[in-house]
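Pasting the structures in now, so scroll down.
After this come two complexes, each holding chain A, first together with chain B and then together with chain C.
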Partner chain A sequence: MTSWSPLLALFLVIPLVGAVLTPVVSDSSGRRSWGWAVFIMSVTSAMSVSLIVRVLEEGPFSYVIGGWVAPYGIELRFDEFSASVAIVCLLGLLAIVFSRHYAPQALTPERIPYYYTLLLLNLTGMLGFIVTGDLFNLYVFTEILSLSAYALVAISGEKTAEMAAFKYLVMGAVSSLSILFGVGLLYALTGSLNMADVTSRLAGTAHAPLVMAFAALTLGFMVKAALFPLHIWLPDAHAIAPSPVSAVLSGLVVKIGILGMLRVYQMAYGSGAIDLSGLNLTLTWLGAISIVMGAFFAVFQDDIKMMLAYSTISNIGYIVMGLGLASSYSLIGASVHVFNHALIKATLFLGAGALIHQTGQRTLTGLAGIGRSMPFTTAAISIGAISIVGIPPTAGFLCKWYIALGALEAGEPIFAVALVFGALLIFIYYIRMVNAFYFRKPQDAGAPAVHEAPLTMLVPVLILAALCLIMGILGRLPLSFIEPAVTRLLTPLGGG
Partner chain B sequence: MEVVDARVAIAPAISLLCAALVFAAADHTFWRRFFSLSAALAKLIIVMSMLPGALKGVVYTFDLVEFTPGVGLAFRADALGMFFAVVSSTLWLFTSIYAIGYMEREPNRRRFFGFFALCVSTTVGVAFAENLLTLFLFYETLTICTYPLVVHDETPEAMRAGRTYLAYTLTGGAFVLLGSIWTYQLAGTMTLSQPGILTMEAGRTTLTALFVCLIAGFGVKAAIMPLHGWLPTAMVAPTPVSALLHAVAVVKVGAFGVLRTIYNVFGVDLLQELGVCDWLAALAGITIIAASVIAIFQDNFKRRLAFSTISQLSYIVLGAALLSPLAATAAIVHIANQAFAKITMFFVAGSIQRTTGKTAIHEFAGIGYRMPYTMGAFTVAALSFIGIPLFAGFVTKWYLSLGALESDQWIYALVMLGSSLLNAAYWLPIIYTAFFKSPREDALVHEAHWTMLGPTLLCAAYVLLLGMTVSVPGMPFALAQAAVKFVFGM
Partner chain C sequence: MIEALWNNLDYAASVILFCIGLYAVITRNNLIKKFMGLNIMETAVFAFIVALGVVENGDAPIMGDGASAPFINPLPQALILTGIVVAVSTTALALSLVIRIWRQCGTIEADELREAE
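So, the complex of A and B:
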């Protein structure tokens, strides 16, 4: 271990402590708590950059808490998949910046500092989830981020929000329990909680409990990822939460389910102790159904955030289908989309948030003709829409390209067809949206003039929209992380 | 000889820049016109500057960006692409001038001309696409950019037509994408620079399925029956847009895609072995006749033009599907011949509508006295479609019939003959109505504004030139021949 490693621990401690201190530091001033949250997240983002630079130069590295060596102590591990902390930090930072004017309008003043506390806690949970090398901590961080997410959904205090949060809580609690059960079984089987260690001990353990353990983990993570038919909590929760929270939930929190799945796969493929073909087939089909069902429900929504929420279900479908197809192309596609969908969906949710903030309208009917008065926001949303449909050269294209190629590689052209035509269905409702913005006359001409959103909203949205384009054109960039990681994933016990 | 030259990338990009400037110009009429015209003109100049080289056999290439290894945007101006680019950029200038006159008093002109300029960009992008992905990208972008033009009037009828248009073309686009991915998976490349990249190793069933996939995708825009439903519906758009859809951009990129699929993805030899082109030729033959029969019964002028377009486009598809060098020549030159004749007709339809407000053919009695030049131009285009020697359409019919005989499929020579008769049956009555029926109103000469009449007459002149000399300056027959030689390995 080089002298750099403690940075990995600080990387979690700083946002955690920052979150807890927010109400104290801000002295119940919304403005000051915003400044503090921005500061904490900026520091964390800077650290994430230096960590990623290091993983690129040296490959995966670890930090051992308290100096206890791997199987016994708690290990923090930073590998290529962990590079996803960059996207967590970026989106977290932008969502917080965006909240400056949004939060005072959506929340009562005394709740604002707690809003930032919860948001920072949620982000810490995700960062921890990504860098931990330990199964029990995986569970702990899952709970941190889930609990803060329930609270964030409910934070506006409206009846509908509380209902949505409750639904989310019930489903979330069951899934957490399922994950804990899986972790417990693995511990009972192998006597270890360190993931690398578990992997090496799995071979030769009893088959039935092992299957049960992986099934429990998969089930738990799939609820978190909102895969059909476990998606029912998602639309309400994501649509009703304040928009910056929706962006974080839809862009990042559901991906935790996916990243958890990748961890499970790392163990399963690495040990070679279990045959995943049945699971893979199930996931592929569920993914395909998710794509179509999500798109199908989205077509009938009039509420713009509801539409975006269903679109998330479709996109999770793409990712899960990529995982299930389990060829190197499709895994690359799925992993790339974990990043890119986060960018795209954050663009859309923050953009929608800006529209709602400025107009007070959240239906397509109410937002008709808004393109004339808020040209920048709607342009950004349009870029997001084009990306999510997957038209080159935007960020959404790579995922579709690779997953479809993976489906053909795996000899399953039917899934390539499902993918392409699912994208077509998705296109339909984004066209409805763009149509409403640009080609429909505003509802009532007498309404007060609407202005473009303030800069703290507009700038994050525009940055994200630009990234949607840049990540499409520079598609090689994420691949440089993902290709070695996927290769390692598919090679039994090849992990360095 | 291949030369790396940024001009192939600049040609689409410059119109993109101008489109941005049109949007930025907001409501300044002068600047909007200035940038619209400079979009068309700048592109024409760049394309034409590559023409001398292309005629000498130089192929210009430029790799713009690679998303991931082997997958990226790249441009390449081979003979076929150059031919298409020259035709579309020449016509674009005419259409832009015409559109400025036609759209004089319409609302939302900024949006209209912005997207209009974007369409120039994408069409040339299609022409110069080096691989299927680039082709797909511009093919889809064209769909998106033409949508605001189709729904320009924002009436419920226009919105409905827009939806139909999108439903058809986006589904087609999905097939193209699927076909592109599949091609990449089978061949390991998507390049369009070879005379065929697939081999029989992939298996007969797979190749047939892939062929159907790609042809169905491109066939939507090429309006091969039964995929033609969007085209007559989209007639609700302003006339310059119809001209754009029918003559220059949309339908032609479809036909161009079919040519690329047959010549550069599969290759003539493979298709001969596979035998699927017989079916495509049959489908094209049926479309030619059926669309013409339907056209006879249309009283709305633009609808009659629409069905004529469907029929004419299948000439190109048929020429390609016959897999003989002479028929291929016909297919390629028909891109130009159909374009100039059909755009003349649409210009005429628009001029009549703007000047007299008439859209139905039975109202055209005596209109030849009122608008003699306009109707004269129409007559030239009509005679070309019928296939009278000295007019452009004759060249196509001649080569296509020869090609049909060359490949021992004389039935298609009969189709050509039948199509000529049907064309006569639906064009000549219009000429008769216009010139020989007595005028019901006072017969003062009242022509359209010069911005509309000028392009109409120029296009009509091109139709004559193309028919008389085959090799009109700027419309090089030699390019078509070079493309055919490359494809057939001669």
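So, the complex of A and C:
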């Protein structure tokens, strides 16, 4: 059953068709479109499990659309890195479940079906981005997920949301063009768009255009990943979007930039045609600056979602620094942090969404003392906070440990210092948050009693918080999965 | 240097067009003008990729009477057709956002919007 290869194509077709059909199956209350979206995402998740089982049993495999043999046809490829579809499916499903009570409050009723359409399209874009083996398709899926993300930021219809979305759109469109330009250059150099084929043809091509192609691709993905100094669109967009959308954007969409860099670097390392050490050094420094700067700005935020948004910039810094150091430890740490940060940030954003939904407050001052009336949600957020600081035995510890080891392995202890300094700043602002929840008195005693969030909100948050703990305790599991992929990444083609 | 530039005039033109677009995106205050700059950048990249497929004295790659090699590479044109579709949808989304911003704030100048915020 697991070896039926069109499953890989169906894996993209089902959420795509499901997204388009959502407004058709919807009723006036939007309840049915929720059920439909949950159904589509559950089917997709089940398929992702089957695909991952297959990659574990047989190793990487591919499917050629329309029967045109690669490199002429469009290839879909599933390898160990593609296992990140699991986290996309999981977070997507939980965010959709969470939206059941959140969406009617945050959106006008006629927008609810379109909200689910856009969310499903966004997830399809990410799944497609991860499994495609074709450079131009990489661009197309980037655009699918970016366009739906711009619209999702604006969907609440508030003035600030639309302005944030426009800012996001302009920067995102420029970065997409940069990616397209890079793809075009690679096509000009190699005459092929299939990534494996491009890798094998890169050796011996002209050096200057090759550097330009990789620089254009990296620049494009840097904007998508919101790396300093190209992060300015992120805080507004992520803080103003509806909370489930923030969770998806912050947990997954910015990671697409990282995965894009990983895939591009896979080609560069694989061909051995280009020396990336200059680019790597730049990335490492930008990553280190992102860590400190994101954490620094987060300390001064009172709006809880704004704080989480700045914390995303800081965490992207960790991942990019790990990529830039390019030692095996740091690459492993960075890859694992892509997964773990997605879990942690989704816990935090969905938890924050539950608080905002129940209280109508989004500042730390307004949420003071909330731990007494919403104990489960705040407990989950606290677990998320501990994880993101990186205190063992939670999920955040392992990745940061590996990235720090990688910095030492690469002989650059200064970056390990930046990492620890960033972690300290992060510690400060999450302590502020936990302190506000548990140890400060509620602002006005006369306010109506706040109740714990409904089950469709609480269950996703609790599942994610539990996963933060489990991923910390079973840390070897993702490591054993990612290590062979990283080793292959660092080995030139034909070398092993 | 000059000769190399002359031989690759099409590439040089798209680079110049790209820079004009980027300049407009960064410096213009009006949101629509910003977006027009973006459209110029899009055109530049599209022109660059279509120019990749050109073969000197090439024929349109259509089979039939009188078709003779060499042919122009049709793949970049097919790619850019998709690219244009993407660009159109980006433009549509951006313009609808601009309309909504104008309705709510009464202005589409970036500096006035920043003051209103």
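We take it that the second predicted complex is superposed on the first by the 487 of 496 C-alpha atoms of A that agree within 3 Å, B and C clash if a C-alpha of one lies under 4 Å from a C-alpha of the other, contacts with A are read in each partner's own complex, and residues count from 1 in each chain.
The rule we apply is simple: contacts are C-beta pairs under 8 Å (C-beta built on N, C-alpha and C of every residue); 3 or more make two chains touch, one makes a residue touch a chain.
Just so you know, these numbers come straight off a predicted model, no measurement behind them.
Student: Tell me which partner A:159 touches in the superposition: chain B (first), chain C (second), both or neither.
Tutor: A:159: touches chain C, not chain B.
Student: Answer with first, second, both or neither: which of chain B and chain C does A:473 touch in the superposed model?
Tutor: A:473 contacts chain B only, not chain C.
Student: Determine, under the contact definition given at the top, whether A:136 touches first (chain B), second (chain C), both, or neither.
Tutor: Touch partner of A:136: chain C, not chain B.
Student: After lining up the shared chain so the two structures overlap, which partner does A:150 touch, if you call chain B first and chain C second: first, second, both or neither?
Tutor: Once the two structures are laid over each other on A, A:150 reaches chain C alone.
Student: One more residue to check, A:169. First (chain B), second (chain C), both or neither?
Tutor: It touches chain C, and chain B stays clear.
Student: In the complex of these two chains, what residues of chain A are touching chain C?
Tutor: 136, 139-140, 143, 147, 150-151, 154, 157, 159-160, 162-163, 165-166, 169-170, 173-174, 176-177, 180-181, 184, 187-188
Student: Taking the complex as given, what residues does chain B use to touch chain A?
Tutor: Per the stated touch rule, the residues are 65-69, 71, 73, 111, 133, 136-137, 140-141, 144, 147-148, 151, 154, 159, 166, 170-171, 174-175, 177-178, 181-182, 184-185.
Student: Enumerate the contact residues on chain C facing chain A in the complex.
Tutor: These residues of chain C touch chain A: 18, 22, 25, 31, 34-35, 38, 41-42, 45, 48-49, 52, 76, 79, 82-83, 86, 89-90, 93-94, 97-98, 100-101, 104-105, 113, 117.
Student: In the complex formed with chain B, which residues of chain A make contact?
Tutor: 386, 391-393, 397-398, 401-402, 404-405, 408-409, 413, 416-417, 420-421, 423-424, 427, 431, 435, 438-441, 472-473, 475-476, 479
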